[in-house]
Structures are given as C-alpha cells and as structure tokens.
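Attaching a single structure in structure tokens format; questions to follow.
Chains here go by letter, A, B, C, D and E, matching the order in which they are written, and residues are numbered from 1 within each.
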Amino acid sequence: MGKKRQVKRQYKKAGLPPGTLVHIGERKLESVRITVIDYDESSFREKQVSNIEDCFKFKTTPTVTWINIDGLHDVNIIEKIGKHYDFHPLVLEDILHTGQRPKFEDLDSYIFIVLMMLRFDDESQAVLSEQVSLVLGRNYVISFQEDVGDVFEQIRDRLRNAKGKVRKMGSDYLMYALLDAIVDSYFGIMEKLGEKIESLEEELVNDPTDRILKQIHNLKREMIYLRKSVWPLRELISGLERSESDFIQETTNVYLRDVYDHTIQVIDTVESFRDMVSGMLDIYLSSISNRMNAVMKVLTIIATIFIPLTFVAGIYGMNFEYMPELKWRYGYLTVLILMLVITGGMLLYFKRKKWL
Amino acid sequence: MGKKRQVKRQYKKAGLPPGTLVHIGERKLESVRITVIDYDESSFREKQVSNIEDCFKFKTTPTVTWINIDGLHDVNIIEKIGKHYDFHPLVLEDILHTGQRPKFEDLDSYIFIVLMMLRFDDESQAVLSEQVSLVLGRNYVISFQEDVGDVFEQIRDRLRNAKGKVRKMGSDYLMYALLDAIVDSYFGIMEKLGEKIESLEEELVNDPTDRILKQIHNLKREMIYLRKSVWPLRELISGLERSESDFIQETTNVYLRDVYDHTIQVIDTVESFRDMVSGMLDIYLSSISNRMNAVMKVLTIIATIFIPLTFVAGIYGMNFEYMPELKWRYGYLTVLILMLVITGGMLLYFKRKKWL
Amino acid sequence: MGKKRQVKRQYKKAGLPPGTLVHIGERKLESVRITVIDYDESSFREKQVSNIEDCFKFKTTPTVTWINIDGLHDVNIIEKIGKHYDFHPLVLEDILHTGQRPKFEDLDSYIFIVLMMLRFDDESQAVLSEQVSLVLGRNYVISFQEDVGDVFEQIRDRLRNAKGKVRKMGSDYLMYALLDAIVDSYFGIMEKLGEKIESLEEELVNDPTDRILKQIHNLKREMIYLRKSVWPLRELISGLERSESDFIQETTNVYLRDVYDHTIQVIDTVESFRDMVSGMLDIYLSSISNRMNAVMKVLTIIATIFIPLTFVAGIYGMNFEYMPELKWRYGYLTVLILMLVITGGMLLYFKRKKWL
Amino acid sequence: MGKKRQVKRQYKKAGLPPGTLVHIGERKLESVRITVIDYDESSFREKQVSNIEDCFKFKTTPTVTWINIDGLHDVNIIEKIGKHYDFHPLVLEDILHTGQRPKFEDLDSYIFIVLMMLRFDDESQAVLSEQVSLVLGRNYVISFQEDVGDVFEQIRDRLRNAKGKVRKMGSDYLMYALLDAIVDSYFGIMEKLGEKIESLEEELVNDPTDRILKQIHNLKREMIYLRKSVWPLRELISGLERSESDFIQETTNVYLRDVYDHTIQVIDTVESFRDMVSGMLDIYLSSISNRMNAVMKVLTIIATIFIPLTFVAGIYGMNFEYMPELKWRYGYLTVLILMLVITGGMLLYFKRKKWL
Amino acid sequence: MGKKRQVKRQYKKAGLPPGTLVHIGERKLESVRITVIDYDESSFREKQVSNIEDCFKFKTTPTVTWINIDGLHDVNIIEKIGKHYDFHPLVLEDILHTGQRPKFEDLDSYIFIVLMMLRFDDESQAVLSEQVSLVLGRNYVISFQEDVGDVFEQIRDRLRNAKGKVRKMGSDYLMYALLDAIVDSYFGIMEKLGEKIESLEEELVNDPTDRILKQIHNLKREMIYLRKSVWPLRELISGLERSESDFIQETTNVYLRDVYDHTIQVIDTVESFRDMVSGMLDIYLSSISNRMNAVMKVLTIIATIFIPLTFVAGIYGMNFEYMPELKWRYGYLTVLILMLVITGGMLLYFKRKKWL
C-alpha cells in the first residue's frame, strides 16, 4: 500500500529548510474544493467557495465555522490560510507532507491533529488511507483532506437539520464529532477484514494453495499498516483529553473518553486479527505437511505392494534351464495365489498402521 | 465467536450522533423482564414488574434497591431509566451497544461498569459471552443483561435468606457481590478449557489428525477472545479500588482487592493456557514430521530390499545366447541364495541404522 | 500438575458468600498437627498440642510464638484461630482455598503472606507444590501448611540450639527466616531441573525419539507452572520491604533485600531454562529433518543406481527376433561391464554431491 | 557491516586510562579537512583552514561559528580543540572512538551529541555508517565527521544565500538543522530498503532460491544494525527537548519536536520492515515446502501409474510352461487394454485428489 | 557453563542461618594471595602480604588503600576483614557464595558491588566467568576474586607510574577504574563471539551439518548466560550514579556515566547477537529443506525417466505367442527409438519445470 509512496515523499524533502511548503503526496483530484459551514444554535449557512479569502470573514464572527479543504496540491491556498490564521510553518508542512504519523499538538492559540481516514477498497481488497489534518481554534475547525469524499456526511446532515447536540455546542464538540466519525469508520474496515479472515480461514482448511499463502501475506502487511495508523491514535486522544487548552470544555471530555474507548477497541481488534493471521500461517504450513504426508502414503502403498510382486514375477522370468517350478502343472496358479497372499498381507499391515 | 457480530454492530452506528439510542446486538429473548429486589437488614421485597415506572418509587427509599433488566431490545425502557436516574447519553449508548470492552467509569453521582459474563457452551464447545452493565448509585444497583439466566442466583438466595453479610451492607457491597460472582464463574470456564486442553493433548500424542489441528486452532481463537474479555478487568477493578467515590466504603475495598486477586489468577491461567496451546501446535507439527519419517522408512526399506533383488532377477531374464550361468545345474539355487544373502545384509544394515 | 486441581477448587466456591470457610484442595493427611514454639533470647519451649485452644495463652506473652498447623481440612480449627487472632474472613478463605497466587497483604494488625513450597518429586519427575500461608503479628507467626513435612527443620534446630541470630530477634525475623528457607529450597528444584535439561539435551543429540519430545513438552509445562509460582514472589517481597508495618523492624529490611536478590536469581534461572527448553525443541525438529534427509538419501542412492541397471537388463530380456546383441559372443559380458560402468559413474556423482 | 569493526575498536582501548586520546576506527581519508562558517543575519564568511588555530579567534565573536572537521585520525587537532573549548576528556574520547551508541550529554557549558550518518551503498547493497559528533556551545557548533562528504550541503547553501530562517537564528537552530538533515536522510535509506524488500518479495514468489534466502538474511542483519542506530535517537532528541540548557531557546523546541516526530516515523518504518522481512522468511519456507510437494506429486504419479503396469508385464514375462493366456489369440491385446484401463483409473483417481 | 555449578552452590546453603560463612564455589587455587597498594598523589607502596592483619594498619591512613584478595576458600581471612571493616554478615556471605547476580548495595559506611569478570576460553570456545566483589569505603577499596589473574594489570601500572588521573583522585575513582576495566574487557568477549558467529555463518551457508547445529545451540546458551551477567550491570551502574553516598564525588559521576554508556553498548551487542543467532537457526533449517529438495529432485528425475522405459522393455519381454511386433524386422530399433523419444520428452519437461 502506501508504504513505498510515503517513504518517497519524505525523501524529496530532505535538505530543504524546515517549513518549506511543497505538497508531497499523490495529486488525487483536479481542483481544490473549499466548503464553509457556519452555524450556531439558531443559524446555519453552508456554501462552496472558489476563493479561500471568502472564508476569512468568518474568523471574527462568534458563530462556529468549519472550513473543509479537499485537495492539497494548491500550496498557495494552504499558505494563505496559514498566514491568515497564523499557523506555524511546521504545521503547514505537516498538512502538506501526507503520510504523517497520527499526532496531536497543542500550540496555545490552536490545536493541530493529524490522523488517517481509512477506506476498504473492495476492488483491490486493500485498505486505502487518506491523511486528514484538523486545526481547532476558539470558534473554528479547519479540516484538510487529500481527496473529495469522506465520512463526515452525517455530521453535515446533523448540522443542517439541527439534529443531536452538535449545533448547541462549540467548535471543540465539532472536532470531537469529526474524530468520532473517523474512528467509528474504522469499525467498518475491521468488519471487512474480519470477513476476509473468516473466508480465508475456510478456504485454507478446504484447499490450501499458493494463492492463499499470498493472501495471508497481504493480510499480514495490511495489519502492519493498520497498526501503524491506529496505535498512535491512542496517544493522540488521551493527549487531547489531558490537554489544558482553553477551548476544549469540560463537558467535551466525556465524549473524548468515549472515542478513546473506541480506539482501544479498534486496537484490541487489530491485535486479535494479527494473532489470527499468524495462526492461519501455522495452519497453512501444517496443511501442506499433511498433504505431503498423504502423497507419500499413496506412493508408499503402491510401491510397497507392487515392488515385491514384480520381484516374484522377475524370479520366474529368469531363463535358467533347471527351474523345476516352471514345469509344474500348477506353478503359474501357485505364483498368482502367492501374489494375492502378499498383497493381502500388505493391505492388512497398512490397515493396522492406519494408512488406509 | 462473537467477533464478527461485535464488529458489525458498531458499524451500523457509524455516523449517528453520539448518544443515539439504538440496540446493537442480537435480540436474545421475546420480552424484557424487569425484577426489583429491595432490602435492608430487616426487610426484603422481591417482585417482577412489567412496567419500568413501578421501580422508580424505590429510588428515594433508604433501602438498597437492585433492579435487574434482562433484554436490551426495548430501547424505550432503557431510555426511561436513563431519564429517571439521570444517566449520561453515552452511558445508555454503551449499555445498548453490546460488545463493549470491559471498563469502569466514575460519573460522580453514579458509577458505571461494563463487563462480560461468560458461559461455556458444551454443545458448540465454545465460550459464549453476554454483556452485563452495572450502574451503582448511592442506594441502588441497576444491572442490564442481554438475556435471562445469570450467575447471580446464589446472591439472590443470600439476600432472601439474609445469609452472609450482604443484607447488612450497602449497595457497594451488592455491586462487589455481583462482580465477584462473575469473576468466580470464570474459574468454571477455565476448568472446562483446561479439561479440553488436557484431552486434546492426549489425543494429540496418540493420533494427530487434521481434526485436532482445527480444534487447536479453535482453542487458540477462544484464548484470543477470552484474553480480550479478561485483561481489561484488571484495570477495571483496580480503578474501582482507587476511585474516591462517596458510596464505595472503605470496608468494601478489602473485598475488591480479593476480586482483583482472583482476576489476576484468571489472567495468569489464560496466559498459561495460551502457552500450552502454542506448545501443542509445536507437538502437532513434530508428530506429523515423525509420521512422515515413519512412512518414508517403510518405503525405503521395501524399495531398498527389493530393487536390487529385482535387478538380479532381471539379469537372468536376459536372452543372451551365451550366458553360462543359465546352464549350470545349481544356477537357480545359487541365485536364490544370493538373493537371501543380499536381503540379510540389507536387514542388518537397517538394524544398525535403527530403522527396524 | 496442580493446574486442573486448582481450577476445580475455585469452581466449587463460585456463588458462595465471600469468606465462607470451606477447605478447597486435596486432603493430604489424616489429622491436623499443631505445634507451638515459644521463645525469647533466654527461654525456649516446643510442644505439639492436640487442642488449638492450648496455643491461645501464648498470645499475650511477650515472647515470640510460632504456631505451625499442618493440614487444612479441619475448618473448625482455622475458624477458631481466626476468631481468637481476629483475622479477616477473606484471609481465612485464602488460607483454606489452596492454589492461591503468591501475595502479601498488610492488614494493619497483622501481615498475611501466601506462597508456594515446591518439591521435586523424583518418582514422577515433576515439581509438586504445597501452599504455605504465614500470618505475622506483633509477637507471633502462624504458619499453615497442607501437609506434614517442610523445609523449616533447620530453623527449628537453630531455635532449639540458640544458634544464629534468630532467638535474639523478633517475630519479623522468624518470618524472614521462613521465607528465606522456602526461597532457598527453590534452588534445589532449579538444580534438579537443570540436570534434567542437561541429560535430555544429551539424549536429544544422540537419539531424538518421540519420548523425548514428550519430555520436552512436560518440561515446558513445568516451566509455565514454576513461573506462575515464582514471578509473584518478586512483588510479594518488595511489597514486604516497602511496607510500613510497625512490627517489621528496620534491621530486617537488609535480610528481606537478600531474599529479594535470591528471588530474582531464581526468576532469572527459570527464564534461562525456558529459553533453553525452546532451544531444545528447535534442535529436536531439525534432528528429525536431518533423519528424514538421511533416509531419503539411502533410498535415492539405491534407487538411482539400480533403476537404470534394471532397465538395461529389461532391454535384453525383450523377445524380439532381430536383436543382434543377443547373438554376440561377448554380449553378456559387455552388458555386465556396461552395468559396472554405470554404477561407478553413479557412485562418483554421489561422492561429488557429498551424499556418501 | 560495521559490527565486527566496532567491537574491535573498543577492544584496543581496554585497560587504557579513560580519556586517553587514540583514534579508534578506520582511517578514511588522507588529511584532515577543516572548514569554518561564521555568520549572523547580515554577514557570512566561509573558509577552509589548514591550521586548527585559525578557527579559535571565532570563539569570542558574537556571530555563530560552525567548525566542521572531516577526518579523525589526527588526534593532535582534536586535542587542541578540546583544550581551547575546554571539553571533558571523555567527550574527546567519544569523538575519537567511532562506533558509539547515539547519545546526548548536557555538560553545562556545552552540549555533546553523537549520532550516525547513514548511507545506502548501491554497490554492496548495504547501509554504511559514519559517526557524526556535534558540540553545541553558546555561539558555536563544532561537527566531527569520519570522512569528507555529508548530508549538510543544502544547509550550507541556505547559509550562503540567507535562505530560510537559519541565518536569523542562533547556534541551537543550526544544530537542529544538522540533526534534521541527518534524520531526513534516513528516509532515503528507508526508501531504498523498501524497494529492496519489494523486489525481493516479487522474486520470492516467482522463484525461491538459495540466493534469496541469503538476501533475506542480509536484510535482517541490516535491520538489526539500523535499529541499533535509530532507536537511541528517540531518547537523544527527547533528551535535547527536555534539557534546560541556556542556549537552546524556547522557539527551537517546536523544531526539535518535529525532528522527534520524524525519528518516531523512521523507527515505525524500521519495525514494519522487520515484520515484513520475518514474513518473507515464512513465505520462503512454505514456498520450499510447496516445491517439494510438487516434486513428490510428479514422482508419485509416474511411479503409481507405471509400477502396476510393469508388474503386469512382468507376469506375462514369466516362463511357466502352463500359462494358458500366452497361447490366446488376443492375449496380448487384452493385456494392452487392461493396462490402458489401469492407467485411466489411476488418472481419474489423481484428478479426484486434485493432483493433476 | 557455570549454570549447573551455580545452582548447586546455592543448594548447599539452604537452611543454614543467613550470614553463615561457607565458601560456595570451586576452589580455584592453592593458597590465598593478598596484595596491598597504598597511594596518594605523591606516595606509592605495593606489597604482597601473607597475613591479612598486615593490611589493617592502612585503614586509618588518609592515603587510598586497595586490598586485593585472590582466592575465597579461606573463610577465616574473609571473616577477619569483615570484622575489622565492620561488614554486614550478608555481605560476607555474598562474597563467598560465588554465582551471585551482579548488584550494588549502599550500606552507608561502605558500598558493596558484585559483578562478573568474563574471559573467553579459546580452548573450550566458551565464556568463563569469575565473581569479583568490590567494597568501597571512604579511603579504601577491597576487591575479592576467585582466582589469580585479572584485567586490572593496566590500572596497577598506571598507579605505579602515576600515569593518568588515578593517583590524584580518591577511592571512588579507583573503584570506577576497576569497573571500567571489567566492562571494557567485555568488548573483547563480544569481538570473539562476533568472529565465531561470522565464521559459523559462512560454514552454515556452504555446508550445513549436524555439528553446526550443535555449535549454534551452544552459542545460544552462551548468549543466555552472557545476558544474565550483563543485563543487571545496567541497573548496578545507574544505581551507583544515583546513590547519594558521601564518598562518591560529583566529578566521578561523569566517569560512571561513561561506563554506563559502555554497558548499554555491550547489552545492545548481546541483543544483536541473539537476533543473529536465531536468524542462523532459520537459515540452517531452510538449508536442510533445500538439501532434501535437491535429493528428492534427483530421485524423481531418475525414477521418472527409467520407470516408463523399464515398462516398455517389460512389454516386449512378455511371452505371448501372438505379438506381431516381435517378428518385425525393425521392431527392436523402433522400440529403442521410442525409448529415446520418451527420455527426450521427460528431459524437456524437467527443463521447463526448472529441475535441471
């Protein structure tokens, strides 16, 4: 998956002064899409803007503003936001250099969060990831995504329809809702992977082929990758919880604790899956051994029965002048019966050895 | 086991506002059963109510009240309780979304505990789990179970008959008694699994088949699942012990410490079992290798003896005109004796190699 | 070993009120034996009493009293002691429910310790365990054992003969001496196991059989069990050291530190043994592979030499009318020489392949 | 790689008084090269000096001075620097004894850092390392390298062209920039290794040979070595961050935190690679088993078909006088048909067993 | 190695009162050798004494005294020192019971250190160990060794010739110098083991025999033993560093930190070696599999070619009266050509399968 890409990305950067704004990552869509949602308990506005400056007027309003940017390749836009909201150059760098390790940073006047939005691609049967960066200020949340399409649609609906608590709460609750949506979406990935494991396990038992070995191996890599995305989340969220930032209210902590619990559950599941996948490899290896054993048994049974018989036939195929048996009336019959007796004895022996 | 189910459950939720009350899990029984036990040292009342509102009058009484709810599918009931007892929406969500990780939360006016009640199903030879949620308030305990049937029957008896200390103590002691009953029931599971391991080990040594491999694999999964249920208990109980909640009395801490010790013992046993199960896989693999070895030896012995003999017979089956041996009076006898000598030599060689 | 038993024991208890006094464990001897040793620097009394009440008068004397109880099946006696010395019901339960995890508890007016006395049974070649519970009060130590026979005989001798420091010191030093004797006895077990490992290793290299695999497996289980008994000791003793109990004097801490060092040494040795036993399994597996390899080589050499020869013989056993070679004067000789050449070539090939 | 060398180096030292200045390591270049860069926001000077004393005048200037020494074999130079800048003898020793574990030491008047500059050598396909020692004082940084050629060229460019922040900041920022360049260069190594792993994985699946096994093994060793170089970095940088040294300014900490994040990312990647390489070994082993299986199948099919046929031919090659079949008109044809039937049956059997 | 011995030693002690002075260990030399070195910056005296009392006069002098005792079997001498210098009985016991775990104890008026002096024995190719106990007092160091011969000779030289700092510093610096010499000597062992690993690795690839398996196994045991000796050193030295003993001066801490770094480096190397040795076992196992594979291929090729040919020959060896081919003029030639064709086909098939 994204492993190779991620490494390459960082490589390009080596040597540049820190805070140099270059987008490192795949360009995933044509043009950057900017959407603003501005709300408080009584009002709600949503629009798509083509000019980032159109968003800036919301900064001073007391309402909560959520600016969502899809597409990171236009460094200019990111830079303007950075200047207007006074972000540290390294924060901008982290937003642009996708492939970051999930992390949380409290920079006094705003909180910066990077994490991974995961998606199970049914076609390639792989987990795809997209970096999501969130900046939480006193009354705004700015989210940066690599591509259009996310797991936040239901949050937008709730905002539009004033459903749930979200319209009544501040920007910190919005940030929590976004985090929650991402972590909850992991359960879907887990389910897909769980099904994959289960179907693979069944195949494994019935028909262990090379293809399955490769699939187990892929699954293992998928797990390694998932682990890298999910483990740091634990630290991230407990960091958020402990942070003494002004704009995270006491009441939001209960919700963060809930996301934390879900994260632990995801981590537990990933670890269980890892254990299961290792178990599958053991099964695969012993299935192969078992197969080899079966093949060997057939060979041994056939060879063990016929080799002595062929020898007997060989004896009476010799051309010695003085071989009295050859002249006997029932020599041929006797030999045939002898062969039957040998065969019977062999079969009995195999039965006792439980090879048949 | 419950792995797949659990993941699916959570998936359905993704995107909904937090605290949305939907029952996620299998509906295990027809109708919800509510029982109330209300007692102090001198009085005892027990009844089954059909209407949750009938329980609410007990809230203000100084006696200890234990409300037990079997069945979570009627969201309405849970919601009413939540409203009456003023539970946080996320607590209600955790009660309804079964498959939670065992945890403990101190919410000032009440304490919330989720854990797993396990049962060994003799038929499917698997460990089945049921989520039990406990809410402890100043003078009440409310327990939520997925299904009728639990390990609390003896506690009810003790309450009815005023046996033991339980009638003399507060709601915290009742909660302890419930926890203790659940943890103690784990020992029964451990025993069953221990027996299974032992019987499997015996079979393994006598007759390592594919079926046993599958059983070892199942056992391993069972262990992974058990671990997930049992490990968090440690944290849960030590959290309870350290909690500075008003309604957990000093004297109860000794008892919690005892449950803690039992939990550690269960964890130790699970870890030992894991070690043993891995050990069994090693044995299985080497048993297979040993079998293959045995098969190979038989093949080799038979082939090694008869191939040279057949060759000798082949020699004298050749049709050359000038083969003096064929004319000899004792040619045939000589060859037969030669063959016996070869066979003897081979057998001696195998004896020395310890193949026979 | 004691695994199955231990689990069963606990099972019987499930559901009973905590502190119910039932002996859970094997009844190892006919009748309970109670011995009292009462001493100070100048006086020494030792007697075996049949009635537990006879010990109680020693409680108020300023001399140090050591009451030793062998046999736990008479719950009555334990209960009387508990009442007289005012022990918590859970302490009595822990004494009676053998199979406890080693632990230490400071209950203000006395200190409670549970640990395992181990014994290597030469006959069954297994490590047997007996639970020893110690209660340390201001001027008394009460020890509970499952069976007659212990590692304390030399301490008794020292007390009788006023050898060493033990008569000059308080009850805490006596408790230390008992702990020390138990931990030191572990070194004997280690030695026995070390010898077993060494002898097994030698056999393993010379003649890897199924029996050895089983023995390695048993050793592994023994290690798992030992670990469970020994690891908690570390915590136990460091807990004792840190405890701020009144009746553990400063000067005793140096001695406890010494026992602690020994415990760590035992733990280190157990871990080393575990590593070695795993190493042995690796060796076993590769020895088997090596054997299979050797068998295969013999088969291959025999088959590879004789199959072509038999083919040649087969050629000249054909009955075609026009086979000029058959008429040649030296046809037979030529063929024999040809066969010798083929054999020589094969042998040379095997030599170069290092199969011979 | 450097393993053997490193151990030898230290060995030579054993017994010498601490702080004895001997260069331990390979002499990698002819003569020591000393370069000085002296700058502040407005001025910039860069020159190569042949005499170390020429650098000393910069010590007292308020401008930031960066002295870079390539080549450690001239102990004299190192000693002079040490005397002039008042370095502790053990610091000088650590500079000279290459093969140190990366570490950070705060010695009040200066900070000493040792770390590894890594380079992927395309020819030998191995990671080569060079020890870089940095000493940070109030307004100077002195860097010691084993050889000419480093990853700092872009920093020099930025200094020359007054690009980025580096000219505006103090010596601590310069040190950060050097650290950052080294850590960033690790990403390049990771990329190369990632590619190697990927190409090896492809080969592995297509054609598992002995050569690949050796390459996997080498990769594993490379990982062990990398880990040893990278893990201590984590501690090093978090130590720097926490250090309360006067000349590390508050503002630099954000940058150090960034390097820290990168280090964690490198460590994560190394660990993932380790996991992948172990996975590759598993695949290799099962590929071999699979191959053996395939070979065995071919052998078994051939043998199982022809051995019975040969036996039948053997029967009718016997020389009995009374073998009625031999006289039959269609005896021969019948036998040939019989043989065809046997072959057909066998093939069907193999088809059902999925061997064909 | 010393494993078995070490366990036996301790066993003898079990039951004796603590502090009983018995030498437990091998008696390695005839008579005890006592050497005293007494020095300050200006004076230096060195002599070998036959009577331990001769050393006692140095106790009160302000000069630093280093008493070195080679040989522990004369308990009397140890006891006299203990009495004169007022050592705790358990300290004396630890000195005499060789095979202790490395540790450090601060007993206020003196510091007690036990550690292992290791030596690589070229003959047995094993690491041999000797326990060294150091007692550091205000102005003395007493060292106890099991045998004559140590790694301190260069320190003695430095003392004699007033080289380095050692004559100018106190007893704590002397203790540091001794520790440093021991830890530095470990690097030599590491080098030897590294060479052994390297040479074994080469052999392994070229010719994997049983003997190499045994050597890998021995190396593994060596590593287990080394680990046990080296790991506790880390704790020991960091304990020394943190200790607030009066007679360890501030300036010495820098030096202790240096020894600490070396210890970590040794530990790192031991861990890397362990990883490498496990890797070697994997290689060994797959080499064996590869060999078996090669053997199987040869067998299969030979059998697969000749079995069908032999069958054809068998056909025409049948004695049917009506076999028209037998009468054909070119029957024999045709059959020979047919056989060549079959052989060619087979060879082509093997080529395509890459078996040739």
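Following the convention adopted for this analysis, contacts are C-beta pairs under 8 Å (C-beta built on N, C-alpha and C of every residue); 3 or more make two chains touch, one makes a residue touch a chain.
In this text, all values refer to a predicted model and were calculated from it rather than measured experimentally.
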For chain B placed onto chain E, the superposition rotation in degrees, Cα atoms, nearest 5: 145
Copy pair chain C, chain E: interface residue numbering same or different (half cut): different
Where chain A and chain B are represented by their mean Cα positions, the distance between them in whole Å: 26
Rounded Å distance, chain A centre to chain E centre (Cα mean): 42
Of all residues in chain C, the ones touching two or more other chains: 285, 289, 292, 296, 299, 303, 307, 310, 314, 317-319, 323
Order around the closed ring of chains, commencing at chain D, then chain E: D, E, C, B, A
Parts of chain C lying in touch with chain B, wherever the complex brings them together: 3-4, 7-8, 10-11, 13-20, 88, 90, 93, 100-101, 103, 105, 107, 207, 210, 213-214, 217, 220-221, 224-225, 228, 281, 284-285, 288-289, 291-292, 295-296, 298-299, 302-303, 306-307, 309-310, 313-314, 316-319, 323, 325-332, 335
Residues on chain B engaged by chain C in the complex (per definition of touch): 151, 153-155, 158, 163-166, 177, 180-181, 184-185, 187-188, 190-191, 194-195, 198, 205, 254-255, 257-258, 261-262, 264-265, 268-269, 272, 275-276, 279, 282-283, 285-287, 289-290, 292-293, 296-297, 299-300, 303-304, 307-308, 310-311, 314-315, 317-323, 353-355
